[in-house]
Amino acid sequence: MIDSAVVAQTNDLRAKNLKADYDALGEQLNRCGIPIDAIKAKVAAYGVAVPSWGVGTGGTRFARFPGEGEPRHIFDKLEDCGVIQQLTRATPDVSLHIPWDKADPSELKAKAQALGLGFDAMNSNTFQDQEGQPHSYKFGSLSHTDAATRQQAVEHNLECIEIGRAIGSKALTVWIGDGSNFPGQSNFTRQFERYLDAAKQIYAQLPGDWRLFTEHKMYEPAFYSTVVQDWGTNYMIAQELGEQAYCLVDLGHHAPNVNIEMIVARLVQFGKLGGFHFNDSKYGDDDLDTGSIDPYRLFLVFNELVDAEKRQAPGFDPAHMLDQSHNVTDPIESLMVSAMEVQRAYAQALIVDRPALEGFQQENDALMATTTLKKAFRTDVEPILAMARVENGGAIDPVATYRSSGYRKKVAGIRPAVSGAGGGIV
Amino acid sequence: MIDSAVVAQTNDLRAKNLKADYDALGEQLNRCGIPIDAIKAKVAAYGVAVPSWGVGTGGTRFARFPGEGEPRHIFDKLEDCGVIQQLTRATPDVSLHIPWDKADPSELKAKAQALGLGFDAMNSNTFQDQEGQPHSYKFGSLSHTDAATRQQAVEHNLECIEIGRAIGSKALTVWIGDGSNFPGQSNFTRQFERYLDAAKQIYAQLPGDWRLFTEHKMYEPAFYSTVVQDWGTNYMIAQELGEQAYCLVDLGHHAPNVNIEMIVARLVQFGKLGGFHFNDSKYGDDDLDTGSIDPYRLFLVFNELVDAEKRQAPGFDPAHMLDQSHNVTDPIESLMVSAMEVQRAYAQALIVDRPALEGFQQENDALMATTTLKKAFRTDVEPILAMARVENGGAIDPVATYRSSGYRKKVAGIRPAVSGAGGGIV
Amino acid sequence: MIDSAVVAQTNDLRAKNLKADYDALGEQLNRCGIPIDAIKAKVAAYGVAVPSWGVGTGGTRFARFPGEGEPRHIFDKLEDCGVIQQLTRATPDVSLHIPWDKADPSELKAKAQALGLGFDAMNSNTFQDQEGQPHSYKFGSLSHTDAATRQQAVEHNLECIEIGRAIGSKALTVWIGDGSNFPGQSNFTRQFERYLDAAKQIYAQLPGDWRLFTEHKMYEPAFYSTVVQDWGTNYMIAQELGEQAYCLVDLGHHAPNVNIEMIVARLVQFGKLGGFHFNDSKYGDDDLDTGSIDPYRLFLVFNELVDAEKRQAPGFDPAHMLDQSHNVTDPIESLMVSAMEVQRAYAQALIVDRPALEGFQQENDALMATTTLKKAFRTDVEPILAMARVENGGAIDPVATYRSSGYRKKVAGIRPAVSGAGGGIV
Amino acid sequence: MIDSAVVAQTNDLRAKNLKADYDALGEQLNRCGIPIDAIKAKVAAYGVAVPSWGVGTGGTRFARFPGEGEPRHIFDKLEDCGVIQQLTRATPDVSLHIPWDKADPSELKAKAQALGLGFDAMNSNTFQDQEGQPHSYKFGSLSHTDAATRQQAVEHNLECIEIGRAIGSKALTVWIGDGSNFPGQSNFTRQFERYLDAAKQIYAQLPGDWRLFTEHKMYEPAFYSTVVQDWGTNYMIAQELGEQAYCLVDLGHHAPNVNIEMIVARLVQFGKLGGFHFNDSKYGDDDLDTGSIDPYRLFLVFNELVDAEKRQAPGFDPAHMLDQSHNVTDPIESLMVSAMEVQRAYAQALIVDRPALEGFQQENDALMATTTLKKAFRTDVEPILAMARVENGGAIDPVATYRSSGYRKKVAGIRPAVSGAGGGIV
């Protein structure tokens, strides 16, 4: 963790200006009848989970270029997550990935507790083969043509639930890479029947207070078809499995041009929105930092979420997680900034004048309706976020504080340098 | 109709070569255990409906360039459709569009009967304002914020059912242009609630032996969101309405890169595939001639259909229709060629060695599985199609026969020339 | 024009808050070493042209739903443009479209002058057939296989230059709909050779102080291929023609996911950026209001423009124009808001800390580089824009002032209602 | 290599049917005035290069699932390439990748000669870091902000030329992963200036009888921008460098929906088409087997090539290479099938009735023009390909012969099993 003196010191430099900006913004919002402190309170109470694997440098099929001080194991990862939470106060929970993060549950709990962290959804992995695994997932896992392979994948998911129970998780996220690379390679219908059958076996063992999140993705690693290719198929799955089954929306898993905020609205309306994997993308599943490419789209997603929250949509309780690949930045920095971007979109959505919006919608005043959203979006809510952070014990400028702290250099002294994978994968 | 002597004459020129090609292909197929006559019989029994509006020259928002002899009304259109059926024997039914094709039902029936035609699904129109219509659809129809406008749209659909009953149709296709052009213009959830409510009113009046087809489309004429934007929403609608409600798939209404054949498989699996609007596209809803851009994709769709047919998927009985915009060709020619392209894809799908395919799929032999599809696809089944046509009384080469007949020139003498719309719509 | 008392009155209501917000922002910017008045001065000097056709309600191939008080002719259109400029002070010039706006040049000039307007680039039209035109553009214009048709198209462009000279324009914009709807319909090479040959004939007659802008577009109205399909072909054209030939970039004319700001950078680097048609889009050439879908993308384009401006890129002098289709809003309102969105992006780009950015780029500090852009983007520069407007004689809130003025109702009393085109174009 | 007795034996089983099919097709083509033997001769003379890395199992960022008998080094790879050529007689050359294939040049030559293989273009690698490399390519190579890193990348390319000279190659292909993941990370203009400067240094050392191929790619591994993002930038590069510089077209490196055959035509027209990397894709750079997703698109590309060949376009001499990632098939099988798919497209393009096509194009008979292409495409030219193979000493059915030979099992006994990369790269 970072020395609290460093946090205090870097905050001190910024406190006066923050106060001035917060007051000026408060004045502006007050004119529109919005109490800034109420917004701040909601932002302060908001959290987005961090995935354990996100704190390592990511890569592509072409190469991976690790940075200094790469975490060696889940305990290093938890420490990095602890820093993110310490400075942003926006990421109270960590999401584990099995088998990457397998460790003694009590040690995991103890470490997390020491760092002030909790555990979010468990993530299973049946898209890679592990050393010594009897059956390969080369041709699929939960939907494989071979029953023994499906059984192995089911059991792995059940093991994830077991681990999750032990550490206090309440959800299992299932993403599979199953699909096909050639027309004809798989019979779509048989493959989906097998998937549903296997998923039902997992669902049958889900604890009564857990949720099962299934995640759709258009393509990659399969390049002709994917079993859970879009939200339509994902919705069918959630319906087939039962009321504890929900759809997870990753912002980068859609076809080009798709209106994601509308998918969010549909899933909310039919009670099946499970949660999000936040990131951003320009081309495919680019896993770029949240809000870095199209911040307005992120805002429009949160506009739907706040709309659902305000009208108390039945069963509305989505899980929020970041899911990014940090190839050219310090993962800790990217995750801090991304957590703040998610908060920013939330804050902006909170200050939308909803009664006015509803009126414009009712009258088909498209121009004023969209201007109402834009007005909220272009409001610089940074003072609200920063004030919420500092009042919660975090940093006004988390990146500056982090850099001042020398954390990366410090861990680089402990964690050995690793060389990038230079595979022949083209 | 075209003089049967012209048909006979142009067929005579081609009969010998056709016989030789048919025999050579029969020999090849026989080697693979496929009886060519059985395939021919299935092709001969197959029909795809023609939309009445398809026989007029289409256009874009920029311009329309009419051709000679444009049909003036539904009776001219029926005559053109009669020619298409006469020569191809592949298009026994016509699909009407109300109010464009409104006329006395008994006259419609008599005319169709005289031409050897039947009537396919009825199509309603709530995406345009008609002269004297009390409420405008500028801001929507079935999902409009105004109850009276929704009611008007419901009643129009009920009128379409009435007309359809009188002429022997058994289905109503509902496509609406409702959506929005700006973020915030519409509340997605409220809009969809209104849509479902209106659709239920139509469904409640559906005759017991009818089907209701709803059609999804990603965008256009609305450019930010569309109420029925994809198959996921369309599936929700079909579920909400009831067992006579089905999803219609237009090949051009999807996001870029989407795997359409997989959507078809999903809808078949869950008993909700209503039918198709066939066309082809490279960019958006281009409404190009079926199979003209990506014939393999069309084949892959038919591969799913034949798969479903062979395993007698419950409730599988999709309606087939062409839906194209003919901007630079003679619409009659395009529709004839397109009907034959649909038959071609069907014939190719019929000769897929399905037991072999299933074996390769089971063994994850991706290469041989896809090669099995490709082998069927690259078989030139034209002799089967031509033989089926000629034995049914049609033309071996419908386009050549049509051109020989001078039909277009003849109708151009009767139907006055029209000038293109030169609007300021950019 | 709108009564200046209405402007004064609506401004009075907002002046005090504007002053407060401007001062607060000035303070914030000052902390970063940015003098707010200098930014305001640049914004005040900035102008974006309005297209004459933009003040009429647009439509799609499915329908057009006109509003009240649609302009009847170019003089009505100029009046509407005058209102836009009166209230926003951001749109000093109008771009004419021939033959739609054909009128006596001296009357045009007089009218414009009276309204305080000038004339921007001339736009030719060879994508529609005009009454009595000898040769049809159904199969192309400048690239048509028929020499006489090409000649006709060339002459039309020369006529546009003539008219432009008479009214003080200094540029010709050439956008054609030429292309093909079927593979094989056109020989790509021959077609482009013919295009280049015709374009050279136009270029040869270009006055020495004029520029020729060619515009690329991926598709529509042609749906398989377009002659000037992308910036690569457009660049070839500009190179072939000569130094007065430049490429025009319409934000909606690209393939999905394309990085438009990078195209802008390339054209600047090679001295061939002619200008912009601003709008926004989610799917294709949707022609939505500028900045309404992806405001960050618009900012990134302006980031390139300001970068080029600051380093005084040789020959850098792009023309700026709005080009939108207003289907569901009052066109005057949409154009006012869009002009301000363009200004907003410009203002945000102006406050980017460029020395810092350059440093981060040099050190590959991706996170701080992108944060530097984001910081500028999330600054609410509205007070700068409003202050620039009001000091120039415009309105603090143009839409509110416009609505207060009753202008639309007034012209609706003069201009007869028109009914929408309800064509059979599906 | 495979025992020639196995080849002979498997051919014998198929010879009679092949003869019958070849004769029947010859008869059909003869009717259209096409001498089948002339087509066969052209097909027999055609070759497409195989990339050395293609014979290893590929993977994604998520996982790699190796097969049996993975090649250990370039000599194993050459043996696999030898088998492909032995059975298909369509792949006479191998393209090397440095440093992956670095070895003693004389040994390389000897081995290739023994296998009846030659060497195609050299491929450099500056998208990965190699053990012990002084400067990392994490933030770019030829366009890096650091001069020493650029220099290192230039020198690596010069080394590739040296190796190529020693083994008889005549071209260098430069593909880089340089780009950025965040808006603002790189200054587009400075980055491209650095790229051009470095490329000029390589070009300056290019032997007089060599060609330099630069390859564009829209995205991946960089996900916001790529330096050589499209053919427009690629064309600028080729122009800047000089007459030995050409553009390479990889079929999977374009934006969604892009008309690739048109890009091919443009590059031919302006004398800058260098060659191809063949593969197929549905979503992004999927690197699927050539022709497996959209065989008609492949045909349309070859239609341009044959058109250019027939009219003897100046400087037209493109290099042909396969570039695929084989994740779920035996790479040898995929490469054999893909080589044949390329030949198939070529053969189909050769039998297009070009005088008729030209006539239809001239008359704007779009329907007959496209039908002319379709007629050639739907001709099953397999007998031509098979006859060309068998007459050249190859196999009638290369996959069947390969499977009969037991080659894979044999090499699996020699080459040790490898386990898949199970990285934490998500």
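Per-chain residue numbering starts at 1, and chain names A, B, C and D are given in the order in which the chains are listed.
Keep this in mind: a contact is a pair of C-beta atoms (placed from the backbone, for glycine too) under 8 Å apart; a residue touches a chain by one contact, two chains touch by 3 or more.
For reference, the UniProt names are A, B, C, D = L-rhamnose catabolism isomerase.
Values in this document were obtained by computation on a predicted structure and should not be read as measured data.
Interface note: chain A and chain D, two copies of one sequence, contact each other through mostly matching residue numbers (shared numbers exceed half of all numbers used). Note: the chain lying farthest from chain D is C, by mean C-alpha position.
Chain pairs C-D and A-C differ in how many C-beta pairs are in contact, and the one with more is C-D. Note: centroid distance chain A to chain C, computed from Cα atoms, is 39 Å.
With touch defined as above, residues shared between interfaces to two or more other chains in chain D number as follows: 138-139, 180-183, 185, 218-219, 224, 256-257, 259, 282-283, 289, 292-293, 296, 328-329, 364, 366-367, 370. Contact residues on chain D toward chain B in their complex (touch as defined above): 17, 20-21, 24, 27-28, 31, 256-257, 259, 282-283, 289, 292-297, 328-330, 333-334, 337, 344, 364, 366-368, 370-371, 374, 377-380, 382, 399.
For chain D in complex with chain C, the touching residues are 138-139, 145, 180-190, 192-193, 218-219, 224-225, 229-233, 235-236, 254-259, 261-263, 265-266, 268-270, 296, 300, 303-304, 307-308, 357-358, 360-364, 366-367, 369-370, 372-373.
Remark: chain C residues 53, 56, 58-65, 97, 100, 127-131, 136-139, 177, 180-183, 185, 218-221, 223-224, 256, 281-284, 286-289, 292-293, 323, 325, 327-329, 419-426 touch chain B in the complex.
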